[in-house]
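Presented sequentially are two complexes of chain A, the first with chain B as partner and the second with chain C.
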Partner chain A sequence: MADIPNIVPALPELFLGLSILALLMFGVFHKTGTAALDAKTARLVSFLSVITLLLALLLAFTLSGPRLLTFENMFISDTFAVYCKVLVLIGSAFAIVLSQGFIERHNMARFEYPILIVFATLGMMLMISANDLIALYIGLEMQSLSLYVIAAYQRDDTRSTEAGLKYFVLGAVASGMLLYGSSLIYGFTGTTNFDLLAEHFHSLHGEANIGVIFGIVFILAGLAFKVSAVPFHMWTPDVYEGAPTPVTAFFAVAPKIAALALFIRVMIGPFGDLVADWQQIVVFISIASMILGAFAAINQRNIKRMMAYSSIGHVGYALIGLATGTEAGVKGMLIYLAIYLVMNVGAFACILCMRRGDTMVENISDLSGLGKTHPMMALGMGIFMFSMAGIPPLAGFFGKLYIFMAAINSGLYGLAIIGVLASVVGAFYYIRIVQVVYFEEPDEVLNKPISLDLALVMTATGLAVTFFFVYPKPVLDAAASAAKALFAG
Partner chain B sequence: MIQALAFYMFALITIASAVMVISAKNPVHSVLFLILAFFNSAGLFVLLGAEFLAMILVVVYVGAVAVLFIFVVMMLDINFVELRQGFLQYLPLGGIIGLVLALELVVIVAGSAVPGEAIKGGLFPIPAADATTNTRALGELIYTHYIFLFQASGMILLVAMIGAIVLTHRTRKGVRKQKISEQVARSPENTIEVVQVETGKGI
Partner chain C sequence: MDTLPILSLLTFLPLVGALFILSIRGDADVVARNARHVALWTSMINFVLSLFIWVHFDTKTANFQFVEYALWMPDFNISYKMGVDGISMLFVLLTTLLTPLCVLASWENIQTRVKEYMISFLVLETFMIGMFCALDLVVFYIFFEAVLIPMFIIIGVWGGPRRVYASFKLFLYTLLGSVLMLLAILAMYADAGTTDIPNLLVHRFPPELQTWLWLAFFASFAVKIPMWPVHTWLPDAHVEAPTAGSVVLAAVLLKFGGYGFLRFSLPMFPDASVMFTPLIFTLSIIAVIYTSLVALAQEDMKKLIAYSSVAHMGFVTIGAFTLTVQGIEGAIYQMLSHGIVSAALFLIVGVVYDRIHSREITAYGGLVHQMPKYSLIFMLFMLASVGLPGTAGFIGEFLILVGAFKVNPWVAALAATGLILGAAYMLYLYRRVIFGAMTKENLAAIGDLNMREIAIFAPLVILVIWMGIYPGPFLDIMHVSVENLLTNINTALDAGAPGAAIATAAGK
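So, the complex of A and B:
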């Protein structure tokens, strides 16, 4: 008779999983039939989902501390996992809040929408806590499958279904590469467990079999696809543009953070001793993403497409931290992710306010004259764009600062210099939006007033971005202890 | 000797029918060849001593999946001839890519032998054949050691189900549903009318 596994380290996940089942039952048995009733159910389930995510956040907080392993060492909970889970849960909760108005207006108000977001969140948490190649894959698939469905959620809209299909087909290829890499690693080492792999490579003193290197390259390719790093970024602009806007907001935030966390966990954990083998690949991916993100965004007219390229660039900057392979680098990356989360939520709250009559407008030119017609929204947009460009004293500057400092301290001068240059180019297109907002004449006025929930989100994130420099200590400390936990394990 | 002969028979038929699956003109023939390939693969599994997998292959793949395929092929109006038109056109490029991948694999395997002690480091080494049965070993892996993955996979299937419903289910108007409560609530007074009909005249 086998022992019953210790479920305490997985409490947030178990709670989310059971809540999903309860919410599903609630949604199914709630009165439906007319559009109004469906919308009412959707609103209730959304509300409950946000509460569920916040409760899971509390549960996750209680687990910060020692390194806990369970389920035959396949599941890990340490400070690093808790830090990333908190970010992901915040991102998902914001995504549901941002979606509410949109899905009701666009005939998408069905209760499955928030449930699928919670499902994706559960997948992300499993990814973050994975301590085994199979667990990694299962988490990744749960997340991806939910995301494919959410991307195609507006099923009567050809662009949305096209986005979902593209994402699905390319995502399946990436999963295939990841699986192939995992199978090579299992074949050449005989285990899929991260701790055993780390031990194995440690005992070889960083001299790995060429088959293992092949496996790592395939895993890297699969993960690079999931974080949409160049050269596996092709799907990003199309999916971001085609998917409904709140879905794009969700894609830009939570899954990216989860995938980057997984990237860190896999590279530093089992393959930490093989840094010399994968470092050059990560450096290349990082440089290519930064440069493509900076230059390709310049010509975009659609703001969602621009945000897609912007997110590719941000992934590039974040990967600098991983490329260093040091604790300081990972710490910088974690800080960057936290700031990226807040900036993006705010920016997408602004984008979701871009409505004229009943239709959403998505072109950058539609923002012209916003400074005169919507002074507060324009201020918010300005803050987020300046922050993304990395202009002090806004939060985005500090994110980049810690990353570049880590790169310089570990001797990656070239990477740091290219990063700074790319962010100068990137500043051009961020500040162009500010120019359109403040210095161009309005042609047609956007809807006014903007809805209360979006305004609240915008205010909260705007304040956080602006006044981050006053009291950055909690984030810095949390990131430091998370990075330390990762390297201690 | 007999085992070797059986192996070559099963293997050859599997490969031949696999080729027929993608080259048969009639899609129904393709599915039938697929079933033949499944049966022969099951035979290979039996030769390996994996009788449980062999039976599962027959039950799940032949019993369920292949029948489903036949349904799909017959129900959907897809012009398979048109679909297959690009087949020959892309064959050279696809063949070259496959060849390059195969060569790379050969280079890996030839360039580096698998260290023997690494294989022993497996989490769950294969137990001796007489110590346990296939079914028991699989059951222990899936329901005891990998219970976390098993449950998580269940959640993934749930996502797939919800996704399929979300993306395709529509409430249609004008569907006649049986409403049992309404039927039971009806009383004879408001449904039956007694009419006195005079002889020789209609109603």
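So, the complex of A and C:
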């Protein structure tokens, strides 16, 4: 082992870390004290943050090759990591773009905001690349701490601070469980390294000590909290509703994708040979999330709350892929995540356009008659909702298609049947939005025209969702090679 | 002919028209007028193109024709494949014929959001044609379910007072059936390793798996066709839909189910089909008799025709599951004739609805005094719906009854009562609306059919008589395919043990 570790596999992370420090310095020294200039600084930092994320994206792309290990085998870079990092970076970049208008209007335009998002993104990338339980924990905490702060960023707003606090307390409990599970695993196996753990369990032919099973259950509980899967979902609706809307948009995509990636990595990597032990837990979590996500969303009036339940449901579907424990399942899940990202960014761009005068409105009924007053925005909303409901030929359908394909191939018929039935229930509340948008008469008109950046995001994501079916091959190929990397080792 | 992707052209031309309409900008009136014209011309051109298929269709082969193939998702062995045979080709023509008529029928009565309306119809046409042409199960499923989006919007936005309820019911009922079919498709994929329909047609699924697959497909097609007891979405959807929406719903969407039975359930799961034939017969006979009685009691014209559709579709399912040449050809013929007749009947209701804005039967009476042309056309289609010899309705019902009689005389006898009841409710409807003294004041000034309306009805009148008097050309198209279908089913059944029973039953 050389004295200086090989830093190449971690280049995107290192670049991001150094950029954060530079941006922080820039923000501090550029700060003048007057509100107007501060807003200007914030805008500049936001812009630079997006550039940074995009550059990190390019760097990540260059690493999409063989499996590389570094930092005492604690850090791994493979095509799986690259795929997930690309999704996370795209999600974070979109989140900053979506936030800009909002934070300026709501007196939140301080330069720390985009930096916190980039910081959280760095944490997510470390999570994705973790090859050790300790590295996993560090990445997770780095992400979580930044998220707690962003949730409470609108500090004059009680709902926002409440959301941040709630998220923090519950998140800390989950982290504790995860850490406890890790320590159990370490205690019973003598290592925290994923590769060594995998070898260890492989040599035991899938027979695991009861203590290890306990450890896995604790880790699963901690991870289920982070991906907001039932029964650890309770924080989600409150945090989604309370947090500033662009923060909710961010929460709904990047951290969720990172946590699901971590979920896959941990379950398939070190515990891959114990699939018989954790499969039933994942099946249960998946079913419970799908059903709760479908039924609980029906009665929601607040669209952010509805999106929270919707995301719980989506996590349930994604976990079907993991429950199969096969390469096809992981591949389906990765495709699902990519599509989920685009749909959610688009839907939140629509939600961020819901303004009347100076205030944001959040009730579903506020969308009534949108089809007449804002035809293009209504079209976008319709596309995203039908897509989330999984109606072909929109992208959301394909996400579900590959997941269910994997489930059927693995013989998980019960799970698949419950999944599709839940999707019918779920379709009800998605098309209810379409109903409000198109079938009802407008009462009070939302602000128009909508801002250019939001319109652009909406158009880009809307086109991507609608025309995914024309040429799905790049996403499918990338997901295939990512899933392959995970099962090769 | 091999080089021109005629089916893709047919499928996606309406979509091009829709995109064109989407890009129309300007004054509301101008947009509306242009949207109408673009929609009409696109669908007319599409119809003319579809005639090209008819002309070049080879009636001597049971193979799929005009086949197109393109790689789509090679990793999954799923490709974009289109083609038609004698079973699907006429449905394509039916769709392309009716879409311009629907556009014409909406020319004046749709005044709000014309642009969106025309886009919805063109998109709907794309999905419908694609559904009938698809030769890959996944592609088929995508078109099959995508139809829900424009239909949901059409009923929900331009529908009647209870449109929200009706559109949700339509959407969720059909979705529930379809998702189960999706799982079955995936299970077939897991078993056969392909979603290519011609390959699946010769693939033998294990009998036990067939049962489950059959049930899942049944869940979808039974809702779509619709069969008793899952038909309740249909009257609601028909009553609330705008006229053209009802036309498409009755004429094309209901045929998805019948087409699905013929294309998938029968040839791919022959053992299960034989096993479930008694179930189908029972449900169909209940549908024929029960919904005919229900139709007799209706006060709403559209609802009456909707229930009559359920009864007519009961005939179709009986015919299809007789597994005889007559029965299956009769089923296809019945679907085609019902497509034309029910479309015409809904248009007929639409004509008076546009003038009086009521669908209540009691709001009318004595229309013959003011609207002689209207009464004549109404009579023709009313009789075609009853199944009078010389109209299209007769041929289909006759063939189905012949087929049914061969298999089980009781089924034929019970189904035949539907004909009598059908005559009862249609004649009763006709008497109340058309005959009698004209006592209602608001009817005094009602105008007869105008040129636009005559232009809509003219092709339907010609077809319904042509199909009634000279069914040869239509039967020729389907004959070879149907025989091939039956040969395949019988070979499959002979190979398996449980098939012996039906072979004797069919030969009786």
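Here is the rule we use: the second predicted complex is superposed on the first by the 486 of 489 C-alpha atoms of A that agree within 3 Å, B and C clash if a C-alpha of one lies under 4 Å from a C-alpha of the other, contacts with A are read in each partner's own complex, and residues count from 1 in each chain.
The criterion applied here is as follows: a contact is a pair of C-beta atoms (placed from the backbone, for glycine too) under 8 Å apart; a residue touches a chain by one contact, two chains touch by 3 or more.
Note that the structure is predicted; figures quoted are calculated from it, not measured.
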**Prompt:** For A:I115, is the partner it touches chain B (first), chain C (second), both, or none of the two (neither)?
**Reply:** first
**Prompt:** Is A:L44 contacted by the first partner chain B, the second partner chain C, both or neither?
**Reply:** neither
**Asked** Which partner does A:L463 reach: the first (chain B), the second (chain C), both, or neither?
**Response** neither
**Request:** Return the chain, chain B or chain C, that is in touch with more residues of chain A.
**Result:** B
**First, second, both or neither for A:L170, with chain B first and chain C second** = neither
**Request:** Go through the superposed model and pick first if A:M142 touches only chain B, second if only chain C, both, or neither.
**Result:** first
**Prompt:** Which of the two partners, first being chain B and second being chain C, lies in contact with A:L11: first, second, both, or neither?
**Reply:** neither
**Item:** Touch list for chain A against partner chain B, complex
**Value:** 2, 5, 10, 17, 20, 24, 33, 71-72, 74-75, 110, 112, 115-116, 119, 122, 126, 134-135, 138-139, 141-142, 145-146, 148-149, 152-153, 155, 164, 187-193, 196, 200, 209-211, 214
**Prompt:** Across the complex, what residues on chain A touch chain C?
**Reply:** 371-372, 375, 382, 386, 391-393, 397, 401-402, 404-405, 408-409, 413, 416-417, 420-421, 423-424, 427-428, 431, 434-435, 438-439, 469, 472-473, 476-477, 480
**Prompt:** Hey, which residues of chain B end up touching chain A in the complex?
**Reply:** 104, 108-109, 111-112, 114-115, 118-123, 144-149, 152-153, 155-156, 158-160, 162-163, 165-167, 171
**Message:** For a test of understanding, state which residues of chain C touch chain A in their complex under the given definition.
**Reply:** 72-76, 113, 116, 138, 141-143, 145-146, 148-149, 152-153, 156-157, 163-164, 167-168, 171-172, 175-176, 179-180, 182-183, 186-187, 189-190
